[in-house]
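For reference, the structures are reproduced in the following blocks.
Presented sequentially are two complexes of chain A, the first with chain B as partner and the second with chain C.
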Partner chain A sequence: MPADARPERIVVVGAGLAGLRGAEAIRAAGFRGSLTIVGNEPHRPYDRPPLSKHVLTGQVAADASQLPSSLGDDVTWRLSIGAETLDREARRLRLSNGETLPYDRLLIATGTRARPWIHADEAKLRNVFSIRSRDDAASLRATLAAKPKRVLVIGAGFIGCEVAAVCRELDLPVCLIDSSPSPLARALGHTIGAYIGEIHRGRGVDLRMGSEVAHLEHADGRATGARLKDGEVLSADVVVVALGAVRNTEWMTGSGLSADSGGVDCDDHGHVLDESGQPDRSIAAAGDVARFPHPLYGGRRVALEHWGHAVAQAEHAGRLLVGEDLPVPYAALPNFWSIQGDMVVKSAGLTDGADAVAIVQGDPADRRFVALYGRAGRCIAAVAVDSARWLPAYADKVASGAPFPPIDTATDRPLREPEIRDPGFA
Partner chain B sequence: MRVSVDLNLCQAYAQCCYAAPRYFRIDGREALFYDPSPAAADRVEIERARLACPVQAIRVQDPEA
Partner chain C sequence: MADATLLKQVKDFANRANPYPIYARLRQNPVSLQDDGSPDGTWVAASHGAISSLLGDPRVSSQTLPPADRPRTGNPITDFLIKPIKDRITDHHRPFIFRDPPDHDALRAAVMNQFTRERVQGMRERSDRLVAELLDAKRDARRFDAVDDLAYPLPVTVICELFGVPREDEPQFHDWATQLATALEPDSLTDDDTRAKNSRTFDTIAEYMGSLIKDKRRHPKDDMLSGLANEATPTGVKMGDYDLIATSILMLVAGHETTVNLITNGLLTLLRHPDELEKLRADPARAPRVIEELLRYEPPVQFRTRTTLSPIDIAGVTIPEGADLVLLLAAGNRDANAFDDPERFDPDRKGTRHLGFGGSLHYCVGAPLARFEAEAALTALARRLKNPRLVEDPPPYRPGAALRGPEHLLVAIDGMA
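And then the complex of A and B:
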């Protein structure tokens, strides 16, 4: 059928947050045809943020976070099944069970998976974990509940910091290791990362920044520790690998879509692009897997692993596929949160390319502050540590590209320009 | 019953904690803990929490849905 005809069959590939919210948007936009959701896990869509926090502390069961949904019985769930190939000419998917599934419109929301440990044989050791699925979280929870002597967390990004903080809440010795100079340095820069690192250190996390693990030591199928590149050996009876995520795009190989390990490319409407840069108007993508030009950042293509973005972009993509007229370009402001122990880190905008940062509210010494990031004289991102109520005001500056440094000041300090610092990106 | 909270929106006004103290709690200064699967019998309590949220961050799905 032509791209402008009314679709009768819509397929959503990916049964995570983006797939679910996209499917809901498709129904909410009035689509009454057949709607199928394909997911390679056996579970209905569930919320992942609790998996690295309250599931690990044991306060929430791993199987308790199924997402609320407005979908009724008029949806076909194809679970424990993955998409294997995409034939855009014939408009059909081939599934991992050998079936073919035709579509008139397709929503791609296959998300990411945990980036595996660099040595595949060591990744298979029984006490080496990563966290992506609720089954991952359940097995790590069971291991932490058995009171290990020392946990080694490799990777001090958001998930690594959350896991390290959980270990301290459980009173477990934990070592957090990363080649960066401070935790969260890739996301927030060393200047702000160092403040957050001090908070973790103050809570008893053994921070090993600027260190790299060469390989894991093991015996009888279990890791016993890690040998660092400088030769030091750290003993551990649990290892958590938190090295970020890899996008699930392999199944699009051969489809002619522009996709790689960084995501599938989309135009500024949200339609996917083929290898020659032409949009396929029968397919949209949303969530972690979608790489799209963000107008706030000069049209730079970004793929965002953010909960709020998965919701916003999926709603947009769902309505797009049903044929609604939507504002172009898609331009939702990126935002995320991370709960590290009882500390909340929130952000609005993207710090990439920042050339300056300033503490504009609060004080890192009180472990409560807002940092504003600038690039070429404009505000591009704001990060709040235990200061959520102040963030929206700074998010507005980011969304409107307000001048940096800001010309007004926070209510908690005298009227003067904040100290401008190097954000410390490598 | 299924509950999720948009923690981007949450600003720790803690109204949910007063409305449904068995299911919502603030740790530290502003870290919200919530139970994503409250008992169906406590629908009224959860609805009170949902309505009390100043930033409307709480989403609930009824058990029968």
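And then the complex of A and C:
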């Protein structure tokens, strides 16, 4: 059938947050045909943010984060099954159990998986964990509850910092290792990352920045520690690998779509693009896997691993597939939060390409502040550490591309001109 | 050109019973400069969007009080030695409703730390018993004043017990609180007579609180003042005496001057919408919806004042630096851009984001108390008042335009169940 005819069969690949919200939007937009959701985990969609926080402290059970849903019984769930290949010519999806699934419209929401440890044999050790799924979090929780003597967290991105903070909340000795000069340096730059590192250090995290793990030491199928590249050996009885995420796009190989390990490319409406850059109007993508041109960032294609973004983009993509006429390209301001112990880091906008940063409110010495990032004289991102209430005001500056540096006086910032610093991106 | 006298009309006592038509006219310009007699005028934000944005804007300060300036006494030692010190202390230790971060945050956190689950739950149960006692006392009456007989004594007793103010001392708080609450009325800040009275009242109440705090240090009890006087917060903050005095005065005044209006405005609104009163009687579980809608429809705090630290571009105008700003919460609550059919009292409306408790970092600390006190009072009134009728509509109002509510609310009844 042509792309503009009314669809009868819609398939959603990916049963995470974006897949669920996309499916709900498809139903909410009035689609009454057959709707199938394919997911490679055995569970109905659940919320992932608690997995690296309250699930690990034991305040929330791993299986308690099921997402509420407005979907009724008129949805076919194909769980524990992955997508293998995509035949866009025939509009068929081949599944990992050999079945084929025809579609009129397809929503791609396959998200990401945890980037595995560099040595596959060491990744299989019983006490080496990564956190992506509910089952990962449940087994790490059980291990942490048994009071290990020392936890080693490899990778000081958001997940690594959250896990390290959880360990301190549980009063467990923890060592956080990263080759960057400070935690979150890739996301926030070294200048702000250093402040966040100080907060973690103050809470008792053993920070090993600028260090790289060469190998995990092991005996009897269990890691006993890590050998650093400089030869030092750190003992540990739990290792958490938090090296970021890899996008699940392998199954699109051979489909002719423009997809690689960085995501699948979309146009500004959310339709996926083929290798010649033409949109396929029967397919949309949403969530972590979708790389789309963001109007706020000069049309540069970005793939965002943000919760709120997954919801908003999936709703947009769902309505798009049903044929709703959506006037504006999807353009919500990216935002993100991370709870690290009792510290809350929230951000609005993207720091990529920032050439300057300024503390515009609060004081890192008080462990509460707002940092504003600028590029070429415009505000491009704001990061609030334990100051979330102020973020909307700065998000407005980012959304409107207000001049940087700002010349405002704020309530707890009597200085009229903030100090402009190099954000410290490598 | 928009009418610049609207803020004057809001303050005019003649419009106290129904300021909403004036708010609607103010809302035609989300932010406007009003001529209220002050040299530079006062900027008024009246739309939901503008108010929400300004409540969370770091360029907007709550430090609106002019420097303390106690009246001279004629005694040179008092006037030239003691007065400047006292004025300076007052300026540096304002209640946190008039302060900005970071001091505001530390003081507020210390208070929040005392609002323990047990304490709040305990007062919730106590409220239900208090309401029952207060209504039992009027069991045989055929006329009932919702203010004197319930809406005033309930929150006052709750806040005094919570803070550990001895019951026998409570009556003196009545006049003190009424006087100090004028600090939230913009014109009082420029009126020398009111300012003189306020500073005298503040000194009197501060003296009382100072000795009460000493007593709480010597004989700590399980109340908030004992907790604030003796315990540090988890982040190690412990209030000094001057901040403790200012903070407890703030809590006690707020406890005296706000919830009373929520309960009274609540009963008044329900009596004007008898079907809603009947629905609440039939289903007390509706109370939380009714109360949230009341906070939107007739909020006890109609507006708050602020000042700007930097010029602010908003809604097509630029508020200059150092401007006086009124955030007209009650007008934002009836903004059609935020609420469908905003002039209708409708507890069943969905997704309300009313401004009845303000917003952002100065969001009402006592909101949970106000909610359960209003719930206790309104559900009991709906259940127990037999055939209630308004004796006077509109009822007589108290003077305040910011803290707005009836002075008395006389209700004729056929009895009390």
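Please note the rule applied: the second predicted complex is superposed on the first by the 423 of 426 C-alpha atoms of A that agree within 3 Å, B and C clash if a C-alpha of one lies under 4 Å from a C-alpha of the other, contacts with A are read in each partner's own complex, and residues count from 1 in each chain.
Going forward, a contact is a pair of C-beta atoms (placed from the backbone, for glycine too) under 8 Å apart; a residue touches a chain by one contact, two chains touch by 3 or more.
In this text the structure is predicted, and so the values were computed from the model without any measurement.
J.: Counting only touches as set out at the top, which of chain B and chain C does A:S69 meet: first, second, both, neither?
T.: So A:S69 only meets chain B here.
J.: Quick one: chain B or chain C, who's touching more of chain A?
T.: B
J.: Mind working out whether A:I339 is in touch with chain B, chain C, both or neither, as first, second, both or neither?
T.: So A:I339 only meets chain B here.
J.: Would you check which partner chain A:D412 touches, where first means chain B only, second means chain C only, and both and neither mean what they say?
T.: second
J.: Taking the superposition on A as described, I'd like to know which of chain B and chain C A:A393 touches: first, second, both or neither.
T.: Touch partner of A:A393: chain C, not chain B.
J.: Have a look at where A:G362 lands relative to chain B and chain C in the superposition and call it first, second, both or neither.
T.: Touch partner of A:G362: chain C, not chain B.
J.: Go through chain A and flag every residue that touches chain B in one model and chain C in the other.
T.: 368, 389
J.: Which residues of chain A touch chain C in the complex?
T.: Residues 360-363, 366, 368, 370, 389-390, 392-394, 396, 407-413.
J.: If you look only at chain B, which of its residues touch chain A in the complex?
T.: Residue list for chain B touching chain A: 2-4, 6-8, 10-12, 27-33, 35-37, 59-61, 65.
J.: Provide the residue numbers of chain C that touch chain A in the complex, in ascending order.
T.: 53, 56-62, 100-102, 105, 309-310, 321, 360-361
J.: Once bound in the complex, which stretches of chain A touch chain B?
T.: My answer: residues 47, 49-50, 54, 59-61, 64-70, 72, 307-308, 311, 335-337, 339, 341-344, 346, 368, 386, 388-389.
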